[in-house]
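Take this structure first; my questions come after.
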Amino acid sequence: MGSRLEEFQEFRSRMNQRILDVDNRAIKRFFGVDTLTYEAGALDPRTKEMLGLVASMVLRCDDCISYHVIECKKEGVTDAELFDIFSVALVVGGSIVIPHLRRAVALLDELNAQEAK
Amino acid sequence: MGSRLEEFQEFRSRMNQRILDVDNRAIKRFFGVDTLTYEAGALDPRTKEMLGLVASMVLRCDDCISYHVIECKKEGVTDAELFDIFSVALVVGGSIVIPHLRRAVALLDELNAQEAK
Amino acid sequence: MGSRLEEFQEFRSRMNQRILDVDNRAIKRFFGVDTLTYEAGALDPRTKEMLGLVASMVLRCDDCISYHVIECKKEGVTDAELFDIFSVALVVGGSIVIPHLRRAVALLDELNAQEAK
Amino acid sequence: MGSRLEEFQEFRSRMNQRILDVDNRAIKRFFGVDTLTYEAGALDPRTKEMLGLVASMVLRCDDCISYHVIECKKEGVTDAELFDIFSVALVVGGSIVIPHLRRAVALLDELNAQEAK
Amino acid sequence: MGSRLEEFQEFRSRMNQRILDVDNRAIKRFFGVDTLTYEAGALDPRTKEMLGLVASMVLRCDDCISYHVIECKKEGVTDAELFDIFSVALVVGGSIVIPHLRRAVALLDELNAQEAK
Amino acid sequence: MGSRLEEFQEFRSRMNQRILDVDNRAIKRFFGVDTLTYEAGALDPRTKEMLGLVASMVLRCDDCISYHVIECKKEGVTDAELFDIFSVALVVGGSIVIPHLRRAVALLDELNAQEAK
C-alpha cells in the first residue's frame, strides 16, 4: 500500500499544478484561500489541521481525510488525539463514517510503519 | 431574539428528556455515547467542542451549530478563535455554509450582548 | 402547534398543485414516479413508508420526515416501531440527526394528542 | 410574505457586512472569490446564476436558492427556464428536493406579483 | 469480482478489529450501539436491515450498501423486495444514486451466482 | 487510463440494461424521467448538461461528473466554459470538491488527447 500513498500524493500534486496552470481566476484564488485558511491565526496550524480532518470525515471524502491525517501527523498530533478526532466524526456523522474510518486507520498504520523504519 | 435562544434551549431540553423517557435502548445508548464523546480524553473538552462546531457547520445543522457555539463560549473559546473555526468550515464546506455562518454570528452577537449586561 | 401542522399540509397541497399546473413534463412525471414508488409492489405500502421515513431522516429534511411520519401512522405503524426507525436513522446518520428527531417526536406527540380527542 | 422577503434581504446584507467587518483574512477573501465567480468569464453571468441555482437546490439550502432565484430573474431568466432548472435539480437530487422546490416557487410567485404591480 | 467481495469482507473485519483494539471508549461504545440497533426490537432484524440499506443508499456509501445487501439476503429479503428498496432510494435520493445502484445490483448478481453454485 | 474510461462506459451501459430488464415500474419510469430531463425544453440540451455537471460536482459523484463532462463535450462546451462550471462547483461546494475536480480534469485531458489523435 506504500505505492498507493505515493500514487495519491503524485496525482494530487500533478493535477493541482495542472489546474493552477489554467487561466481561471476564481479557481486560482480559491486555492489561495484554501492555503491561507490553515496558516497561523487566532488558532495555530495544528488545531486548524484537526478541524480540517474532522470536517473531511463527516463530509466523507477519503482524499481529504488522507491529506489531513498526513498534515496532522506533521503537526505532531498523536495517535490517541487522532482517535479522539475520529470519535467526534463518528458520533456527529454516524455509522456511515465507518468505512472512511477504516481507511483512515489503515493509512495511519502505513504512515507509522514508514516512520518506524 | 433573546427569547428565540431561550425557546431553542427549552425545546431542546424538554424533547431530549421526552426521547430518553422512551424505552428504546439504542437511542438511549446513542445519547450516552454522544455525551461521552465530548468529555476529556487525549483531547480536552475545549478542543472537542471546536471539532463539534466545525463538523456541525459543514453538515449545515443550525441547531447543532448553536449548541456548539454556546459550549465553545463556556470553554473560553474567543471570538477570534470562533471566526478561525468558521473560516475552516467555510472553505471546506463552500458558500453553501454562508447562511449558517450568518445565523451563527447573529447568535454569537446575542450571547456577547447578554454577557455584557 | 396544531395550526403549524395544518399550515404545513395546506402549503404542501397548494404548492404541489401549483407546480403540477406548470407545463413541465419532467417535473410532472417525477411527481408521478414519486407517487407510484410507495404503492404496493413486492413490499407493501406500510414497509415502503417506513423506508421513506428513514431515508428522509438521514437526509435531514423536516418536511419529508413530517410527511412520512403522518403516512406511517395512517399505515398503522406503532410508536414503538417508529422509535426503532428513529434509532436506525440516528445511528446511521449520527448526532446531526438529533434536532430532526426532536421535531419528529414533537409532531408524533401532536398527532397522538389529536387522535386521543 | 412580502415582508419575509425583505427580512431575508435585510438580514443577509446586515450580517454579511458584520462578517466582513471582522479581521479574518480567509473569510474576507472567500467572500471576494464568491463574488468573482459569478462575473463574466467564458460563461456569462446569466448562465453562471443558473448554475448557482441548480447547485443550491441539490444541496438544499433555502437561502441560497432564494438568492439565486432573485439573481436569475434580474438576469432575465424566464419562468419556463427556471422550471427547467428546477427539473434538473429534482431529478438529480430526488424527492428530498421537493420541499425546497415548493418554497422556491412560492418565492417566484411573490417576485412576479411584485413586478406586476 | 468474487475476490473483490472477499477482499472487502476481509478488510472490513480486520480493520474493525484493529479499531476496537484501540483504547477509545466513545468509538468502542459507538460500535456497540451500531450492533444493538439492528437486533430485534419492535421491528424485526429483517425490517431493520432493509431500513439500513435504504439509508445507506440515499447517503451514497458503497461499503455500507454492500454490507446491508449481504445482510438483507441473509434475512431472506427477495430480489424483488430489494429492487423495491432500491426504487425508494432512487426516488428519494435522485439520479445521483444511480452509480451506487449499478454497483449494488452487480454485487447482488455476484451473491446470487455464488448461491447457485 | 483510456481503458478506465472504456471500462466505466461498458459497466455503465451493461448495468443500466440489467436494471431496466427488471420488472420494477418505479425504477423504469425514473430512468425515463432522467432521460427526458435533459431533452430540449425552455433550455437547450447544452445548458441542461452544464446544469447536470455542476449539480453532480457539488454532490460529489465521480461517475455522474464523468458522464456529464462527456455529454458537455459532445454538446460543444469548451474547456474554458468547463472550468467556469468547475469554479461555480468549487465555490458553492467548497474544498471538499477538489479531489473530484482533479479527477474531472484528468478525464478531460484524456478526452482531449483522444480527440487529438
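By letter and in written order, the chains are A, B, C, D, E and F; residue numbering begins at 1 in each of them.
What we mean here is this: a contact is a pair of C-beta atoms (placed from the backbone, for glycine too) under 8 Å apart; a residue touches a chain by one contact, two chains touch by 3 or more.
From a predicted model like this one, the values you see are computed outputs, not experimental measurements.
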Which chain maximises the distance between its CA centroid and that of chain E? D
Pair with more cross-chain C-beta pairs in contact, given D-E and A-E: A-E
Have a look at where chain C meets chain E and say same if over half of the interface residue numbers show up on both copies, different if under half do. same
By mean C-alpha position, what chain is farthest away from chain F? B
So the centre of each chain is just the mean of its C-alpha atoms; given that, what is the distance between chain B and chain D in Å? 27
Counting only Cα atoms for the centres, state how far chain C is from chain F in Å. 31
Please set out, as single numbers or ranges, the residues of chain B touching at least two other chains. 24, 26, 30, 33-34, 37, 41, 55-56, 58-59, 64, 80, 83-84, 87, 90-93, 95-96
Is the way these chains touch best called a line, a ring, a star, complete, or other? complete
Contacts from chain E onto chain A in the complex sit at residues 11-12, 15-16, 18-19, 22-24, 26-27, 30, 34, 55-56, 59, 61-64
Touching residues of chain C toward chain B in the complex: what are they? 60, 80, 83-84, 86-87, 90-91, 95-96, 98-99, 101-103, 105-106, 109
Residue numbers of chain C touching chain E in their complex, please. 33-34, 37-38, 41-43, 47-48, 50-52, 54-59, 64, 78, 80-81, 83-85, 87-89, 91-93
So in the complex, which bits of chain E are touching chain D? 58, 90-97
Per the touch rule above, chain A residues touching chain D in the complex are 24-26, 29-30, 32-33, 36-37, 41
